[in-house]
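What follows is a pair of complexes built around subunit A, which joins subunit B in one and subunit C in the other.
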Partner chain A sequence: MITLEVYYLLMAVATVLSTVATYFAVIERDLVKAAIFSALQSSFYALIFYLLMAPDIFLTYVPVSVGLYTALVLILIKKTERYEGE
Partner chain B sequence: MDLETHVTTVLSAAIPIFTVSIILYSIRFFKGPTIPDMVISVDAISYAMAVFLTVLAVIFKSPILIPCAIVLMLWAYALDIYVAKYLEAKEYGD
Partner chain C sequence: MEIIHVLFNITVLALIVNTGLSLYGVFARPSLVKKIIALSIFSDTINLIVVLIGFRHAEPNPVPPILISVPPTKEDIITFMQKAVDPVPQALVLTAIVIGLAVTLYLMFLTIQIYRIYGTTDVRKIAKLKG
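Entry: the complex of A and B
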């Protein structure tokens, strides 16, 4: 049987990887890459919500953060410039 | 041992495999030099995670958790469509 520590370990792995993705999303100069880093961070947050047994928050968080947010940011980048200035 | 114990044992053995595969996909994501590498790796992470969520739903014995995996896979596919249209066509049908 699976003990509770396995789920805590999975949450720890997802938290560390999402923190790394957030760091790269902040320092990245290419805004398209930053949007994709943000999508990865949202995927790991979704895994954490699932492991915390909140499927309703999961079902709201994934379309907004992975789908709508990324699409909106890409449309805004297309209207302006792709690379961040000095 | 009955069938339930066997199934739980096999699915429990699958958990470290999924964890290691997601970590390896993440390494490819952070090292990936071009944008298509990163998009494909986040796509693979989402799909592996969706199968993993289904395995966890079977272990938890709660079928209410299954639609989460379907939603995650469909929106990860939508992410591919957005990025591909940005990189290729530069228009969103407007």
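Entry: the complex of A and C
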């Protein structure tokens, strides 16, 4: 039996880890690594959506924001520059 | 009850920090691709805050806003009123995620066209160009 404290603990841990992932996604100069950190942050957000009792948003958010969006950013980086601020 | 309040406050504070970090990425980083990544993080954070507003505390646990049996019985409706979270922010966020994907695609095509014309995605170099 999972108590209610575990839900809130998972929510807090996931948001703090997503803050770390956001920091590295914004700071990182290699844009491929930034896209991967952005996908990591989206994974934590998907977990939080599930814990906030929104399973339909969870099912939409995982393929759109973790899969499709990361693939589009990688295609964009392939067509333009890989490193920012030369 | 106290530990739940502390953990919920940590959640809200971390989301506000995420908003600030992504706004820094949009305004201060030079690369257009990095701006697009930070803008998507910003919109996702706002969506998450909207869903978090519709969340509510219920004992022993909140349930998703879904009615299983059609037509619903009286007990189903009583359980829905006592435990279910607010469904309206979830419907709005579901629309906003798809619209955000379309806007991001438009910005990506603009970035590719800028790279084809000017040969760079650095906004400091683009601002110095003439014509």
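In the analysis below, the second predicted complex is superposed on the first by the 84 of 86 C-alpha atoms of A that agree within 3 Å, B and C clash if a C-alpha of one lies under 4 Å from a C-alpha of the other, contacts with A are read in each partner's own complex, and residues count from 1 in each chain.
As a convention for this text, contacts are C-beta pairs under 8 Å (C-beta built on N, C-alpha and C of every residue); 3 or more make two chains touch, one makes a residue touch a chain.
This structure is a prediction, so every number in the text was calculated from the model and none was measured.
Chemist: Looking at the overlay, does A:P55 come into contact with subunit B only (first), subunit C only (second), both, or neither?
Modeler: Touch partners of A:P55: subunit B and subunit C.
Chemist: Give one of first, second, both or neither to describe whether A:Y8 is in contact with subunit B, with subunit C, with both, or with none.
Modeler: After superposition on chain A, A:Y8 lies in contact with subunit C alone.
Chemist: For A:Y69, select first, second, both or neither according to whether it touches subunit B, subunit C, the two together, or no partner.
Modeler: After superposing on A, A:Y69 lies in contact with subunit C but is clear of subunit B.
Chemist: Return the chain, subunit B or subunit C, that is in touch with more residues of subunit A.
Modeler: Touching more of subunit A: C.
Chemist: Regarding the shared-chain residue A:Q41, is it in contact with subunit B (first), subunit C (second), both, or neither?
Modeler: So A:Q41 only meets subunit C here.
Chemist: A:V32 in the overlay: touching subunit B, subunit C, both, or neither? Say first, second, both or neither.
Modeler: The answer is first: A:V32 touches subunit B but not subunit C.
Chemist: Subunit A residues touched by both subunit B and subunit C?
Modeler: On subunit A, the residues that contact subunit B in one structure and subunit C in the other are 55, 77.
Chemist: Taking the complex as given, what residues does subunit C use to touch subunit A?
Modeler: Spelled out, the residues of subunit C in touch with subunit A are 3-4, 7-8, 10-11, 14-15, 17-18, 21-22, 24-25, 29-34, 36-38, 40-41, 44, 48, 51-52, 55, 59-65, 84-85, 90, 93-94, 97-98, 101, 104-105, 108, 111-112, 115, 120-122.
Chemist: Looking at the complex, which residues from subunit B come into contact with subunit A?
Modeler: So the residues of subunit B in touch with subunit A come to 8, 12, 15, 19, 22-23, 26, 29-30, 35, 38-39, 42, 45-46, 49, 52-53, 56, 59, 64-65, 67-68, 71-72, 75-76, 78-79, 82-83, 86, 90, 92.
Chemist: What part of subunit A is in contact with subunit B in the complex they form?
Modeler: 1-2, 6, 10, 13, 17, 20-21, 24, 30, 32-33, 36-37, 39-40, 43, 46-47, 50-51, 55, 58-59, 62-63, 66-67, 70-71, 74-75, 77-78
Chemist: Given the complex with subunit C, which residues does subunit A contribute to the contact?
Modeler: Against subunit C, subunit A makes touches at 4-5, 7-9, 11-12, 15-16, 18-19, 22-23, 25-26, 31, 34-35, 38, 41-42, 45, 48-49, 52-57, 60-61, 64-65, 68-69, 72-73, 76-77, 79-81, 84-86.
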